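The structure that follows is given in the form of structure tokens.
For reference, chains read A, B and C in written order, and residue numbers begin at 1 within each chain.
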Amino acid sequence: MTSSARALGLLAVVLALAPLALPPFFLQLLTEIAIVGLFATAFNLLMGFGGMVSFGHAAYFALGAYAAALLVKRAGVPMLLALPAAPLAAAAGALLFGFFIVRLTHTYFAMLSLAFAQIVFTVIFKWKSLTGGDDGLLDVWPPVMLKSPAAYYYFTLATVALSLFVLHSVSESPFGYALRSVRENPRRARFIGINVRRLQLLAFVISGAFSGLAGGLFAFYNGSVFPDFAYFTKSFEPLVVALLGGAQSFFGPLAGAFGFKILEWLVSRQWPVYWPLFLGTIVVLVIVALPQGFVGLAGGQGWRTRLIRKS
Amino acid sequence: MADPTDPQELVLQTIGLRKHFGGVLAVNGVDLSVPPGDVRAIIGPNGAGKTTLFNLLTGDLTHDSGRIYFAGEEVSGLPPHQLCRRGMGRTFQITSIFRRLSTLENVQTAFLSHHRRHYNILTPARRLYRDDAFALLERVGLHEQARKPSGILPHGDQRRLELAIALASGPRLLLLDEPTAGMAPRERHEIMALVARITSDTGLTVVFTEHDMDVVFAVAQRITVLYQGSVLTEGSPAAVRANPDVQRVYLGQPASR
Amino acid sequence: MSGLSVGMFLFLVSVGMSLIFGVTRIVNLAHGSFYMVGAYLMVTLVEVLPDRPWAFWLALLLAPLGVAVLGAVIEVGLLRLIYHRDPLMQLILTFGLILVISTLVLLAWGPDNKSVSRPDALAGSVRIFGQPFPSYYLLVLGLAPVVAVGLWLIFYRTRWGMLIRAATVDREMLGALGVNVAALYTQVFAFGSWLAGLGGALAAPTVAVALGMDGDVLTTAFVVVVIGGLGSFAGSFISALLVGLLQSFGILVFPAVSIVLLFAIMAVVLVVRPWGLLGRPEE
């Protein structure tokens, strides 16, 4: 057994035994960490592996959350059937938006993704009759057997673990290789026969789908959904988490989620108002202080040749 | 004897290819005919239109008028990835590889794409086409470097890798853009010897642009000379060398080293 | 009619953002925050100044200056450190600034909505084509040509303006000619911030001054700047008018759809002509 497999195994055991040792609050924290970890890993498929940085991934998280919530609230569908709708709805959104977004690169890519996220936000906000608008949708709970913190914790852990397994397979698959080659050198990738846009769109859809699943999981964890799930500041979260944890490794974002959430908990319990300030300051400091951007970020040839510096 | 101008027989043919940039006619009615197995050099002084012509052939630029045929079919205006699928491979003047992938992964990815498996999201790719990739790396002399990140390889090895990547796509035609640019003289001959060896083994057709006349005269079977966007002359190395127009156009231009 | 004045606020913010991008190549996502700070400063200044007719106008003068100072500080203290960096890093940094500024605003002014009353001279309304029209909007609309002409004069008739236009085309060359490009950058950033602050200060009597102003204006300004062309002054002007009008009429006709329509147009522009209607293609 390789050392990383052993580490994972140990982690799995620890996580499985957590409910025996930890009070409900920490189980909830771990549940949130898992959800954010999934969101950030899905996001990072695009950023770290694909070299595409989206500033609007909250859109897919929100689409997933609302799809599941709407089915439960408006159509009376049980949670276990509603949850699969989350990645599907998000994937549909990613397909529609991604079709346009992947035609652009770098700054424009980020800007367009932000714009689409704002569309989603505005639609959710304004379509009060369907989505409840500003009031959100409330009482979106899992069925009784999954409702306790421990039960939902296990459910989330299992779902996230399964999703990470799939995402990991994707990153190690021929598609993953092709995606990385596109990140490294899109021109060269074209000349080995890769239809770059189509490949990027597929990556976008996969990333969006799992972001939507994270949103769905969050909806039932939170018990309610609100338009600000789609607001652009929410899009910042997976980005920061992935960067902090390391965008070039598959498990980086997960580690980042852990650190991020713990930090958020520590800061917010003392000084709740200061959390965005804290976050913003950390990000600013890290960017200024790191000499080359986060090591091996969505970097490589593509970004460097795009740098405006003409010298 | 096959009619060398019959499109069916030619690997590559252009008819009346034109391209302007603003007011400048960079490529002005170029007719090119490349039969199978040819090793064709395209030369000309700076500004002759070699790079533009090259980019037109590889789909990086769209032409204003004229046509391009590849293996008898019209391919004018097709995007690069489709040209690759049809059998055109290329290398770039500035070495273009996947720097953070290992040498082996670079070639494997090319094989994966060639065999259209790059949409497969579930099987682990690590073992796929590994033997094929190793074989190809051996052919270009990079067997030892298989596991290293390709970005740290010395320039000459990166060039070889790029050649391997291009070959992995199973091309019928190799377009090499200044293949020896930035290389020391010994390396230049090595890499062109490699190209020559590979093409004679496989019957691959090669079209390349070059500034280094030593390399050109050593390797090329036929030479097309461009001047101010049009073909000045075309023929065997000896004929071209002796051609007074060519000498005039290159007068005062020493062979680049 | 209010669409035109909304367009005016947008124009000020967008032109500032566009200008900053044109010269420094940084997309300043915190630009909406500058707008918000301008509005909040207006609130405080109007409160603090004595209740005289000229108070409003003084506040209108000072608030944007305050924002300009903020902009200059940020440029010198932070942005100078990242000009050579990946545009993505720059975007993330300005995104981080949004969080910092909005929390600081919350801390300084509290979570409640604020408002600024219109000056007495402009508190009423007049009848135009039989419709009542708030007088304050006349101010805004009256300022529009003044600001537009003023900007045009600055960019096309002053040496400084010429330097700025040169900088948007070729910064290195400008530096090689001995121009202090670093100082120019600071000035441009401060000026762009000033414009955003002016937009916020002008808008303060017409909207609820609240947290979240930054996000709303940012995203709309984005749309304007993209459609008009990043770096194009005329583009921002036309685009801001169009967007302002579209927003207002849209809200009347298709309330839910108007914003979506706006972003859809932006999406189309980004796909078909990413450098906007009047911008210049990069590279």
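The rule we apply is simple: a residue touches a chain if its C-beta (ideal position, glycine included) is under 8 Å from a C-beta of that chain, and two chains touch if they have at least 3 such contacts.
The structure displayed is predicted, hence computed values, not measured ones.
When every chain is reduced to the mean of its C-alpha atoms, the one closest to the centre of the whole protein set is A. Taking the mean Cα position of each chain as its centre, C sits at the greatest distance from chain B.
A straight line joining the Cα centres of chain A and chain B is 42 Å long.
Between the Cα centres of chain B and chain C there is a gap of 51 Å. In this assembly, the C-alpha centroid of chain A lies 31 Å from the C-alpha centroid of chain C. None of the residues of chain B touches two or more other chains. Residues of chain C in contact with at least two other chains: none. Those residues of chain B that touch chain A in the complex are listed here as 58, 79-81, 84-85, 89-90, 92, 96-101, 105-106, 108-110, 112-114, 117-126, 128, 165-166, 168-169. Residue ranges of chain C in contact with chain A, taken from their complex: 25, 27, 78, 81-82, 84-89, 91-93, 95-100, 102-104, 106-107, 172, 215, 218-219, 222-223, 226, 255-256, 259-260, 263-264, 266-267, 270-271, 274. Residue ranges on chain A touching chain B, taken from their complex, read 169-170, 172-178, 180-181, 184-185, 187-196, 199, 202, 206, 296, 300-301. In the complex of the two chains, the chain A residues touching chain C come out as 53, 55, 100, 103-104, 106-108, 110-112, 114-116, 118-119, 122-123, 126-127, 231-233, 236, 239, 243, 273-274, 276-277, 279-284, 287-288, 293, 297-299, 303, 306-311.
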